[in-house]
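Chain naming follows the written order as A, B and C, and within any one chain the residues start at number 1.
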Amino acid sequence: MYLEKLKKSNPLVICITNNVVKNFTANGLLALGASPAMSEYEEDLEDLLKVASALLINIGTLTPAKWQLYQNAITIAKKNHVPVVLDPVAAGASRFRLKVSLDLLHHYPITLLRGNASEIAALIGEKQTSKGADSGFVEDIGALARKASTIFSIPVIVTGPVDAIAVNNQVRLIQNGSPLMPLVTGTGCLLGAVLAAFIGLSEEKDYLDCLSEAMLAYNIAGELAQEKASTTGPGSFKVTFLDSLYQIRPHQMKERQRIIND
Amino acid sequence: MYLEKLKKSNPLVICITNNVVKNFTANGLLALGASPAMSEYEEDLEDLLKVASALLINIGTLTPAKWQLYQNAITIAKKNHVPVVLDPVAAGASRFRLKVSLDLLHHYPITLLRGNASEIAALIGEKQTSKGADSGFVEDIGALARKASTIFSIPVIVTGPVDAIAVNNQVRLIQNGSPLMPLVTGTGCLLGAVLAAFIGLSEEKDYLDCLSEAMLAYNIAGELAQEKASTTGPGSFKVTFLDSLYQIRPHQMKERQRIIND
Amino acid sequence: MYLEKLKKSNPLVICITNNVVKNFTANGLLALGASPAMSEYEEDLEDLLKVASALLINIGTLTPAKWQLYQNAITIAKKNHVPVVLDPVAAGASRFRLKVSLDLLHHYPITLLRGNASEIAALIGEKQTSKGADSGFVEDIGALARKASTIFSIPVIVTGPVDAIAVNNQVRLIQNGSPLMPLVTGTGCLLGAVLAAFIGLSEEKDYLDCLSEAMLAYNIAGELAQEKASTTGPGSFKVTFLDSLYQIRPHQMKERQRIIND
């Protein structure tokens, strides 16, 4: 199990992420058992990435200076054989974010791309048409992940009520999680950091299993959190979600996992 | 009711705010039913403000670069007929913040100004003399809001133990809320974002009613949160306050509202 | 008691700190009874530091521009006789952070240095060898604090499972706290801000007692929080820790204090 490996090895995850979610991202990684470090300067990254397990690039609150930072950070990560997760926040809502995301995907070595359906659809030049759990939903998400994975030649995870993991033309669909998760800002951003913590522990040939386990751990922590929250509200849920990331154990994942093979 | 309208329409509120409160602001807007987006670059704002309902400018952790960003963002908002809420954080404590706030108020189209008594007094060149609930307090707050509203020719909200809403020479005073609110950083800043979410739903002629409802929803959520907190402490209160913003319903506002007509 | 003095006088603490912990730092200071202000611009600091009780410099998410800001802020603080606390975050993990920390320690008037063993060891050119509570641990921490205090000629606090306070060749060791504290991001950073709030209330000759009381208040709030948390998890603990900082009273500190005289 990668979850146990993570809790034993405390992988260092360097996070270049947006200012809305830095605290929640650090707390989520700590709760899970990983070790977060935030850095925003190349000279600093040169040292930190030497001992890091993974790098997260999250483009929320993007500026031209950060675009340059992303490029340099990925280059330093590459030099140190550190895998890179890209989270193209709101790439479907702003042409600047789309341009920066595509630049990184086309010209820099990204290991894993994670986004929601609207973001991933924008990156492959499609309009996202499925809205919520309509009849064509599950198939759409799987096809979207597969298509993006083929186009960019890297693993792609599309998240939503159902999550799709596409690796090497294989697609796995997972239907776990809590409807309260989107009501806490940064649950998507933290997931990117969690995926980075997991992928740094895996060899490339095992990415599908490793990423599936990461998605299950995260979403089932969400389910446990919802059950523990004293009241149905996003304030309480955020608290119990961090507790659940700390407390989740492999047997809970086995009992609750809902993998839908495509 | 604007609260129900808000929960149905999920208005997008673009927040240019300080780094202390970005997470809390995003979580508060999500809990209430609005949709937050943070942006710090003009090219990005060009796209986001096309589909936004309102723009918040909060000058905490101000720098000269951000001053320029505020100016450009307001100009883009104006082009898209998006209302702008200005929160002049600590304008009474620093001449730089005062200068920037006055520049925006005098030369840019601000829709609503919200601050505490010390900030609003500084903006109109007065010393704030009332401290807490002294005998002259309620009248002072109302007169301060009215005077600022006349000087800047826009609606002004002055917040404190009693809140005053001044629109077109009318003043409404509201006495709801919890004494725990000032013990959580950013409750004033989040209020600015909540006011932006509400004002984007209203026509100009209905601003007084719309803003009154926003103030009532926010402050009564504070009262409900205080009652729900398992212990009297700001950590617990912050959690239940977010829950209450999610759970508050119109009938609770009707039952608890304490409007003091001036 | 300095704690009571703090709650009565609400000292203003100017925090130049990293974006991961700004919200938690502000909430922690408010809970304790201090008044936080965050600023990132010299012209702003000129006014704020005139009425401030202390300045915190925390070098997390350091950039060259922030290095310049630290230097200027300390100079303004000096001019206003405001004490300065330096938190050299990750100085042991990055040569850039080490260089900046040493520059500030050697060329600027720092009042108090606080770090973990790895950070303080790096600053005095030593490898940190003690890992956790091994046999040589308590003596190591005390010796490390004393050595750094001698080298930099200022009070030094080294934090960990046991904390060492070195002032003028005297060392006090304190063994309070909760193992959940390192699982919440920013508990070290907030401590730096709390030390700043306390040291601003003290004369130089009383620093050892004042800093000891600050460490006891902080760590015993951690113990109380652990007992109050509904479940053993970092999400719940963060909430009850803020509550405990608000609720802690001198008699609890007297009952629980574990001071090990060196």
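Please note the rule applied: a residue touches a chain if its C-beta (ideal position, glycine included) is under 8 Å from a C-beta of that chain, and two chains touch if they have at least 3 such contacts.
By chain, UniProt protein names: A, B, C = Hydroxyethylthiazole kinase.
Quick caveat: nothing in here was measured; it's all calculated off a predicted structure.
When chain B is laid over chain C using CA atoms, the rotation angle comes to 120 degrees (nearest 5).
Of all residue numbers seen at the chain A-chain C contact, under half occur in both copies; the interface is built from largely non-matching residues. Chain A and chain C have centres, each the mean of its CA atoms, that are 33 Å apart. Residue numbers of chain A whose C-beta contacts span two or more other chains: 19, 23, 230, 238-239.
Residues of chain B touching chain A in their complex: 19, 22-23, 26-27, 30-31, 36-41, 43-44, 47-48, 51, 228, 230, 238-244, 246-247. Across the complex, chain B is touched by residues 18-21, 23-24, 60-64, 90, 93-97, 182-186, 230-236, 238-239 of chain A.
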